[in-house]
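After the structure tokens below, expect a handful of questions from me.
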Amino acid sequence: MIEGSKMTKATDRLHYGMIGGGPGAFIGDVHRTAIRIDDKATLVSGVFSRDQKVSVSFGTSLGIEKDRLYGSFEEMAQRESERPDGIDFVVIVTPNASHHAAAKVFLSHGIHVVCDKPLTLEYHEAKELAELTERKRLLFGVTYTYTGYPAVKQIAHLIASGEIGHIRFINAEYAQEWLATRSEKENRQASWRTDPAFSGKSNCVGDIGSHVENMVATMTGLRISSLSARLDKFVEGRQLDDNASIMVEYEGGAKGLYWTSQVAIGYDNGLRVRIFGSKGTIEWFQERPDHFTVMKLGEPARTWSRGRDAFSDEAQRFSRLPSGHPEGVFEAFANIYRSYIETLLALRSGKKVDMGKLGFPTVQEGAEGVRFINACVESSENSGAWVSL
Amino acid sequence: MIEGSKMTKATDRLHYGMIGGGPGAFIGDVHRTAIRIDDKATLVSGVFSRDQKVSVSFGTSLGIEKDRLYGSFEEMAQRESERPDGIDFVVIVTPNASHHAAAKVFLSHGIHVVCDKPLTLEYHEAKELAELTERKRLLFGVTYTYTGYPAVKQIAHLIASGEIGHIRFINAEYAQEWLATRSEKENRQASWRTDPAFSGKSNCVGDIGSHVENMVATMTGLRISSLSARLDKFVEGRQLDDNASIMVEYEGGAKGLYWTSQVAIGYDNGLRVRIFGSKGTIEWFQERPDHFTVMKLGEPARTWSRGRDAFSDEAQRFSRLPSGHPEGVFEAFANIYRSYIETLLALRSGKKVDMGKLGFPTVQEGAEGVRFINACVESSENSGAWVSL
Amino acid sequence: MIEGSKMTKATDRLHYGMIGGGPGAFIGDVHRTAIRIDDKATLVSGVFSRDQKVSVSFGTSLGIEKDRLYGSFEEMAQRESERPDGIDFVVIVTPNASHHAAAKVFLSHGIHVVCDKPLTLEYHEAKELAELTERKRLLFGVTYTYTGYPAVKQIAHLIASGEIGHIRFINAEYAQEWLATRSEKENRQASWRTDPAFSGKSNCVGDIGSHVENMVATMTGLRISSLSARLDKFVEGRQLDDNASIMVEYEGGAKGLYWTSQVAIGYDNGLRVRIFGSKGTIEWFQERPDHFTVMKLGEPARTWSRGRDAFSDEAQRFSRLPSGHPEGVFEAFANIYRSYIETLLALRSGKKVDMGKLGFPTVQEGAEGVRFINACVESSENSGAWVSL
Amino acid sequence: MIEGSKMTKATDRLHYGMIGGGPGAFIGDVHRTAIRIDDKATLVSGVFSRDQKVSVSFGTSLGIEKDRLYGSFEEMAQRESERPDGIDFVVIVTPNASHHAAAKVFLSHGIHVVCDKPLTLEYHEAKELAELTERKRLLFGVTYTYTGYPAVKQIAHLIASGEIGHIRFINAEYAQEWLATRSEKENRQASWRTDPAFSGKSNCVGDIGSHVENMVATMTGLRISSLSARLDKFVEGRQLDDNASIMVEYEGGAKGLYWTSQVAIGYDNGLRVRIFGSKGTIEWFQERPDHFTVMKLGEPARTWSRGRDAFSDEAQRFSRLPSGHPEGVFEAFANIYRSYIETLLALRSGKKVDMGKLGFPTVQEGAEGVRFINACVESSENSGAWVSL
């Protein structure tokens, strides 16, 4: 049971704080904008940079009062938890290596958390966060962005309804080009992503492989039982992987093949999932998120369009515009925040919430992601030996 | 010269009001959300419904003070213009038939205006608004949504740069399915769109044909000199057109062919523009707004991707996410408002603004749209006789 | 009733001759190859060039006996009709201007004819050929190539079965780039196509517009009742049209819009037909001939694949390879010849043939094409005045 | 040096025989049709079925003299090699298990061979054929059909020219749906394909995986040094694999990932190859064979079209129709036979032939394919252990 009652405000708005996401940190702005789309929470506090001067100047420009711009996340957690009007939740958008410490301190002070993926560097850290979340009765969201698309929810609905029979095989990939050259020197993003001190043991699997793992789990409910992975470094001098091939086995006998790459020239952000069942196939591509295709034996391939073709109530609830009016990443992000905030508001008002159907990725899923990443690294270091999860 | 100086606030935020867009009026919510994305203006006043009770209840739910929720747009224009903290601009999102009266009264009271398209029912009304805007030195934006896409700006840039030589022919279409059956009875949108009392003399050309006309003008700068049109009513009992074929001639000798339809089953929101020049072709499709294709003689077709391929500074300024992270209609809308608000802010702070490059559609373009619609109706009523514009 | 009995050979092979199609004449070779695919007819006679030396040398290289390589088509018709083993049919693949004279002389000598499109320059010539064919009880095929695709036959079947309800509107186009520059000087094809002496009054409508007209008729059975056309010459110095826009009305109230262009840079051979009915839409694109899409209200779009999805018996009969094994233009051509030759063989063996379902375009359809072309020219010369057919 | 001199005919035509390909054997007819397209060889002999009566009846229907329709391939090899007008080459299109014996006996009698893939069941058998071919100075073609497409030749040319830099990674797949259910009972093709007695140790890798291996080799010239494979049987009761995932390493350091499936519902014949280099990417899909895409860093993706964009002389030589006129599998097959027959004719006339650039797959490539298949089986039987080739 989650302690929504800890939140003291009476209105239907929440207040939140942010760790990271300062000047030049592209993703922080995306989170803030996404929250603004549904306009159910206000940013009132933050630590936007390790450099307090930068943080205060940036926070002030966002309209935050100076006395809620802190020197460290520890201070912020302490002080906000003491205020009667303290933040309802915190959003953590720092590089991976700080996720665990930051999340832990906010949870410890009884503050709900939203954290970017991958959740932590080590699986035991993620487990610790999951246990702390449970013990403190808090709500922990992990921003696997692309699961916010209405089409993803509809695909999960169709698969759960048996539309394609039992799943046999999954072919999923996430290909990008942005690390095809040694851009570590010029590009700040590239710099920390490929640096073990910030990213942990994996760059490519850690960053985008974890999206593949989570998206497949979200769509199908399948859990990986074992895997064999090969992580590659194609760009000379790079410290971490920039490409990976992964064979997986799921509980129950289905099998899968994942490929992730950041050296796939011409690929922008190509997360693609193809799920093959005994009665049919479902395919979805992140770059055309409003559509997906269902193929069944002996029938022409059907391409669904969000807003046009009858989605389930749960999926339709996240469709904002009529068909043919593209929705994108901001809206997918907003959908995750909408689910998270609606859940918090429901809990606060004492409503019953089905914790198995939260509509956003949780700390458990974040922990699964870390386990997946680390198993891939372990397998690859052992010439592709199969690793059980 | 525009009177930015009339705006009295010192901060970098603006205040706006809204006419229309009450409960169930889908498009009003889209406008408000789009403005929130860049968070440079706050909604502080409005008339959201002809029924004042509904309007007040709805406005209150949006956080607006009761004393700024008025009984009529006339009252609102009067009262807001008298307040020292009155609105900087008003957004008009009522059915077409009220645009002229509402816009006129706000302009008359010296308040900047953003209005949905088509601007007015009659061309002389639109001209009147244009003249009033000019005389009052105000800024008037018309929300031809799709012109807000970065790719549209890049296409305009490429064409102006001579990338495809001189333009010979344009084939543009806008196909939808939503009026393929007689949905006037059940569907509120369908009801007013097909009712001359609210839509004027044309439904299909008025609603989506005007987007075609404006998009082609935005991309190419070409002005239509004459046209021959055939407006069809395919659904029995319908009062206004639901399909149209239009041959056009542009000043300078280029020619074009437009098709708009609301009975094209399977089509969601298919605005497609193909521009054929002496050296190459450019194609863009609204449902895949981040991409466009350039084809040149003797070279493979090139598909551009927003965020990946080098856009001009002006186009890139409106790209918010890295390549492969889809942006959609909310962002296109936001881009129009960003341009409009940035212009107002620049004027207020006394900066020089190039009125020929405003980055959003103006009242002149709105007037061109009305002229186009009316010429189509006139031609069709005369068996397709060529009408000069 | 057709006089199959005139053919005297006992085997299940036919013998044919060819007019035109000599060295460098690309299309002649395509016809011969297409006939070879099903291997039911042997080339035994011909006039391959106006220059008899060239003709004989070329014919000999094809393995034809010298005494069946004639100096003129008149001589050939005469002599072959006198031989006991004379040709069963003749294939005419000369430039348009000679079609009428050549076809007439073979028909007059009782020889069956296959002729390229457009059938003739003048409608009265085409009518004359149709009447002669009827009077002489002969079989006359016109090679509207693209109607040979199995998908086209399946589309016709679906429409006839009421799959998309009654037809409201048709949008069809045929865009190419090959005449985007003034290539008349270097390119032999371009030279005769744009020369009125060989092509008649129209180049673009005559060549590819006639394919549009026939394809729509083949798929839908609709007959054009009137049209308004604008023919353009975009390349300076060109004698005939290289682009055209055509509004049409069909008997029964449906309407259509055709566009044909040879200056559409980036377009290879883009014949595309979109048919909008009261219950659904069907779309087909010649460059992806094995597939087509059916869209119905409230259902996801369905993409059919030849060989995979259940075609009617008549359409399936022309599918040669399993699904996903592309068939192309050679096979489409071969299908037309297969239908033509099978019909001749059936007639020869005294079988009953349903003359309304021949599976290949006939002289009547060829005549319709000429009427269409000439109406387009007439309308365009009169500023787009509507012309009844 | 190959013994073209053994062929005694003076004309520019060849004579060939066929083993297999009798009634109902779809692929035999495809081979015969493909040869007929270029019309450079005549079928004069054969063993079309194990049942001599069937074979003779079928062969006669093809116009073959009765005395050249033999009771066994051994008899045929013997007798044809003794005739002064004996066949120039034999085409072997039986199920896999008979390839080795049939090919061996024809080679032994000095007759050139074309054989379907996979070449043999065992690698030592394939090596034996390669050695015999070498020793007897004969020409041995293996019909990896899809390598016959002009686009494939152009891709090989671009890669060899350094267009995409050095190759880093290859992702190739071949997905079909035709064995998604237990169709072994009803479907003759399915029956022998999934029966070890006819197919050997692998069905899916053997049939379509070998196409992947050969296509990648054809395009890139890369040789696999080791691989790790997992072969799956998803349909209950099936004896052989119907899906496979394969990680490969190439000599020189590039890596690859292959996936083949016959249970991928909705997939017709989806051979797709994506090649990622240090400077760019090339992608090709068999179901759209006339096109391919080249993507380079910082440049829009370029889609090439056969016939439109400048192919190398060698690739263009196999392009038969103008751009936008689809060519398909028959033409790809014909291209392989054209290369094979042209080579034989050149050798017969004493011309010098560059044996490294034959334009068709040879016995060496066939042997590589068998080695690949067997390595996949071996790895899979050992839990994916890496197997060196």
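As written, the chain order gives the labels A, B, C and D, with residue 1 at the start of each chain.
In this section, contacts are C-beta pairs under 8 Å (C-beta built on N, C-alpha and C of every residue); 3 or more make two chains touch, one makes a residue touch a chain.
What you are looking at is a predicted structure, and each value in this text was computed from that prediction instead of being measured.
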- prompt: Common contacts of chain A and chain D?
  reply: B, C
- request: Identify which chain pair among B-D, C-D or A-D reproduces the interface of A-C, meaning that over half of its contact pairs, matched by residue number, are the same.
  value: B-D
Copy pair chain C, chain D: interface residue numbering same or different (half cut): same
- request: For chain B and chain D, let me know how many angstrom lie between their CA-based centres, rounded off.
  value: 57
- prompt: How far is the middle of chain A from the middle of chain B, if each middle is the mean of its Cα atoms, in Å?
  reply: 35
- request: Go ahead and note the Å separation of the Cα centroids belonging to chain B and chain C.
  value: 45
- request: List, in ascending order, every residue of chain A touching at least 2 other chains.
  value: 177, 267, 301, 305
Task: Please give the residue numbers of chain D that touch chain C in the complex, ascending.
output: 26, 30, 33, 36-37, 39, 176-178, 267-270, 286-289, 305, 307-308, 320-331
- request: Using the touch definition up top, name the residues of chain C that touch chain A in the complex.
  value: 294, 298-305, 309-310
- request: Using the touch rule from the top, collect the residues of chain D that touch chain A in their complex.
  value: 164, 168-169, 171, 173, 177, 180-181, 228, 230, 232, 234, 243, 245, 247, 255, 257, 259, 261, 263-267, 274, 276-281, 283, 293, 295-297, 301, 383-384, 386
